[in-house]
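Letters A, B, C and D mark the chains in the order given here, with residues in each chain numbered from 1 onward.
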Amino acid sequence: MKAEEFEPRIVAFLCKWCSSAGSDLAGVSRMEYPANVVPIQVMCSGSVSPLYIFSAFNRGADGVLVSGCHPGDCHYIKGNFYARRRLNMVKKLLEYVGLEPERFQMSWVSAAEGTKYTQIIKDFVKELKPLGPQTKLRRTR
Amino acid sequence: MAKIEDLKEEARKLLREGKVKYIIGYGVGSNGCMANPVFIKRPEDVDVLIWDPTCVHNLTRFLVDEKRRKAKEKQPDTRPVGIIVKGCDSRAIVVLLQEKFIDRKDVYILGVSCENAGVMDEKKLAKKLGAKRPRKIELGNKGQFIISTAEGKIEVPAAEILAERCLECKANFPVIFDVMSGDKTKRILEKPYGSIEQIEKLSPEERWNFWKAELDKCIRCYACRSVCPMCYCDECVVDSINMAVTPDTTAEEKADKTKWIQRSAEFSENFVYHMVRAIHLGGRCIDCGECERACPLDIPLRFLNKKLEREARELFGYEVGFDDSQPALISCFKDSDPEDFIR
Amino acid sequence: MEKILLKKTLPQWVKQLASYTVFCPKKDKEERWNYTEIDHEGIDLNFLNTTVPPKKILFPQKEIFLEFIKTDESNQETLEIREVLPEKKATVIFGVRPCDARAAWLLDKVFSGEFTDPYYWIRRNQTVLVGLACHVPPSENCFCPSVEGSPFSEEGLDILITDLGDKYFVKSLTKKGEQLIRAAKQLFQDPQPEDLKKVKTIRAESVKKINRQLKDARAVSSKLKGLFESPLWDEESMSCIRCGICTYLCPSCHCFDISDEVESASPLKGNRVRTWDTCQFPDFTMHSSGHNPRPEKASRLRQRLFHKFQYFVETHGQFQCVGCGRCISLCPVGIDIIRVLERVNEHGK
Amino acid sequence: MENNVYLPKLAKIIEIKEEVGGPRAIKTFRTVFTNGTQFEYRSGQCAMLSIFGKGESMISISSSPLLRDYLQFSVLKMGRVTSALHELEVGDLIGIRGPYGNGFPMEDWKQKNIVFIGGGIGLAPIWSVLQTALIKKENYGELSLIYGARTSKDLVFREECEELKKKMPVFLSIDVAEPGWNEFVGFVPQNVLDKKPSSANTIAITCGPPIMIKFVIRALKELHFEDDQIYTTVENKMKCGIGKCGRCNIGPHYVCKDGPVYSWAELKNLPQEY
């Protein structure tokens, strides 16, 4: 009997103006992509506190994605620039403590990039599968 | 060389002339050797002040208390507080000024230079001395520590018992002060990040095992947070309830407070706490090493902060604690910030 | 029952205790002593004292009280509450310092009375405390005789071991202790008169080696009462950073929090847990209105001292301090309970 | 395990009444245990209410122990647990453990007059005593109630108070005048001084915000009440309810176990840490 294939759960923080719209576009265009994402719409990638990311892992996310507008396209002018700085630090920190670097990703996806969004999710899922479930940071009883 | 007599003289003068409210300095603790924070209000008490390699504490932490106390006073005494600071401590003042948490006129800074040495590490000292008890520790003029014990004097090269952070200190004299005692001796660090390199070079799995074991030990006494001059938030993510409650705070607001981190001192929760703290100190930690010193279980917390200090420098060219006019690390950006990690 | 055990046979004794979970102080990689689960080869009684007291086994930092589960079967909502009791496992803790055992004896008082605490007592009753008398003080801040303890006090213990060089003098103090000796009775011999003499000398000498002293703790206790309002608390607490070290690592501090930790919000599932808490945290007493009866660190330091040296004396007749010195040695800013109490002695009437 | 003190028993909410609306909402809940548990308690005692997933909150029982049909709690919406409680509906389950605390020493008050003085939600603990005294009217002398709140909308048990006027003197007050209000306007302590209850053979029970209690006691002293004629209740943050978790103490007393009811003679000698 073949063991059921591991399906990673990805928590995706998507900015309302670009990435969330991009994922909607992927949806309404009926593009196919894995159903592993739990999307959380945020106003701006700059509003994603590092705490949200740690917390997502803490509650059992296998991967976390933060996606915002391309540099220069931020609805709030510079929110994504702040995010870029801050989350770079988060990424380095997570690597430093020994979490698999693949588990935390960041992307720029515009409202028109439905295809790019589906590709990012496909790649993310593909990269997470060999890693298996994320148990390092998961809250246990 | 920094002289305690100079400091005492200045302190006495400040208190006598009423120029400062009180002076935060170091005095001898109850074991007769190690320094402890003291708060001096009267000129005649100035003689309790000491300056020696046991003055490990970062006293700027008490500026946070002072600010809170003052906020509650109906008619606050607006005079500045005098404070004795080392190189690292002075960088904390720079950050507090940069973040506008304190005002320059609220502090009168009595700087002391560590003279190319620094302060000692109590654990290293204990190891060195074995069963002997130190009575007094002084910095000699050949870069050695002179330790007096009941059994006589021992001279030890400072580097052998210096606190780790002092071995990696970029400027062991104050960068900001009103008066300063001692010399601005430049030092060249061979390995400014030597301590974390031993972790960086491990494999991810080894790093994970290292941190898992360390953070597992945490009992969440929050000494690391409490001793840190940069941890001045009114309400911390780990507090069980809202701390910043006023009579106008609605029941809903209180009820909606998210419990990000549960109270149980378990690895998963400890991890989130320490990661949040590390990130929050990214570009703010001035490496006074107090968190690590205060930790009763010797979790090497400095390794987290030092790593982010290094990343801030290497990714963004950001140096913390030298310029109070520069914007804080995460409240600014450059168009050219690296984004190779972004898809 | 008083017996002699050759030092080299100690591991054999532990080996006979296969039905027990055995704890003994072990050095961690930072060279701190810590109570760790061991097998018989790991037994080693050459240690100072542990950073975390053995209360972590009797009164763990986290204790699950109950589970709550909401199910929604065929639109019939049910709420189930499942009691979670501590796992049943006979436990021995080797090398408990008499002060820490005395603290357990004080915890016994706290957790009994009109309302007995089932979680504590299940753990307490299944645990045998094997003490190790201190012939040298394990900390430079030890002061047990000042608070009516001693380096060889027996309260709270089931067995007390005294190190006689190449052998141990093993005294059982309770039935639980006797059972433990019986489990390997072939290893034990009866003490000779010279053994008993040696025990006596060691005991007499051990007290002299203690560094610190708090004079007349009973007088301090009665003087405290008049010093509730005193500038002393402000002065002494100036350097307090409001961390939890002094209380979390105190062997007799017992304050705790109860909170619901939710695993899943819908359908609801989670645990009600007890965790250590401390009077030194400002949120400890803060009402949800924001009002706080102990808003300043001065009032919190006062509470710690009053609880230990006045309230507990009033309610249980004992100091709630066993003189282990941990709070002094571990305080990051050197707040010294003896020094503060000495000031109380000077100031009070 | 039998008698696990920390284990709440399940109870069903059978009735909810909104006493006060708005940001300082108060609701009264009537509950019955799902397994028929009998709950023996005294007026003035409290119970620990559980909303699973949110936590516990100590609430005074406002029904009389002589009424065995239900337990009644009047709850001011204040924090996490009480907000969750306010969200509940009839039929929902909560947990209850207790009773905790000392309660009022009513057996010592035989044939005495009792004047009840309450402010805001402070009427809740008093209500239990009042109901008990009314049921056993023959055991007590004259009963009277002086009760006030910020506005007429903040008065709890409003209808019950009107009913009560048929049985005993009831003096209501609000802090600031309102159209249509023809009773006393002003703070509760002023109303006490205005109504001048006699101290002869009388027990005064006062409960409400700390500042009100302070001035009510001052007023009662002016009216020649002795310290041991005045009773009040104290409230502190609580977790265990059984004197072990260490946070609700005032001096050596744990309010949860040794309180919440104190005579002024006792309370004035305790440190003011509440």
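The rule we apply is simple: a contact is a pair of C-beta atoms (placed from the backbone, for glycine too) under 8 Å apart; a residue touches a chain by one contact, two chains touch by 3 or more.
The structure presented is a predicted model; accordingly, all values stated were derived computationally and were not measured.
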| item | value |
| --- | --- |
| Chain located farthest away, centre of chain B as origin (C-alpha) | D |
| Chain with minimal offset from the mean of all protein Cα atoms | C |
| Computed distance of Cα centres, chain B from chain A, in Å | 35 |
| For chain A paired with chain D, centre-to-centre distance based on mean C-alpha positions, whole Å | 52 |
| Mean-CA-position distance for chain D and chain C (Å) | 39 |
| Whole-Å gap separating chain A and chain C, where each centre is the average of the chain's CA atoms | 46 |
| For chain C, residues contacting two or more additional chains | 257, 259, 286, 288-289 |
| Residue numbers of chain B (touch at least two other chains) | 241, 251, 254, 262, 266 |
| Multi-partner residues of chain D (each touching 2 or more other chains) | 78-80, 82 |
| In the complex with chain D, residue positions of chain C that touch it | 65-66, 68, 70, 79, 81, 83, 85, 110-111, 113-119, 228, 254-260, 262, 265, 268, 270, 272, 274, 277, 279, 284-289, 293-294, 299, 303, 306-307, 310-312, 314-315 |
| Interfacial residue positions of chain D with respect to chain B in the complex | 23, 25, 77-80, 82-84, 86 |
| Contact set on chain B toward chain C in their complex | 29-31, 34, 36-39, 57, 61-62, 65, 123, 133, 217, 219-223, 225-227, 239-241, 243, 245-247, 249, 251, 254, 262-266, 290, 293-294, 296-298 |
| Touching residues on chain A, where the partner in the complex is chain B | 50-51, 54-55, 58, 71, 78, 81-82, 84-86, 88-101, 105-108, 120, 123, 136-140 |
| Touching residues (chain side chain B, partner chain A) in the complex | 199-200, 204-212, 237, 260, 262, 266, 268-269, 271-272, 275-276, 278-279, 282-283, 304, 307-308, 311-312, 315-316, 329-331, 333, 335, 337-339, 341-343 |
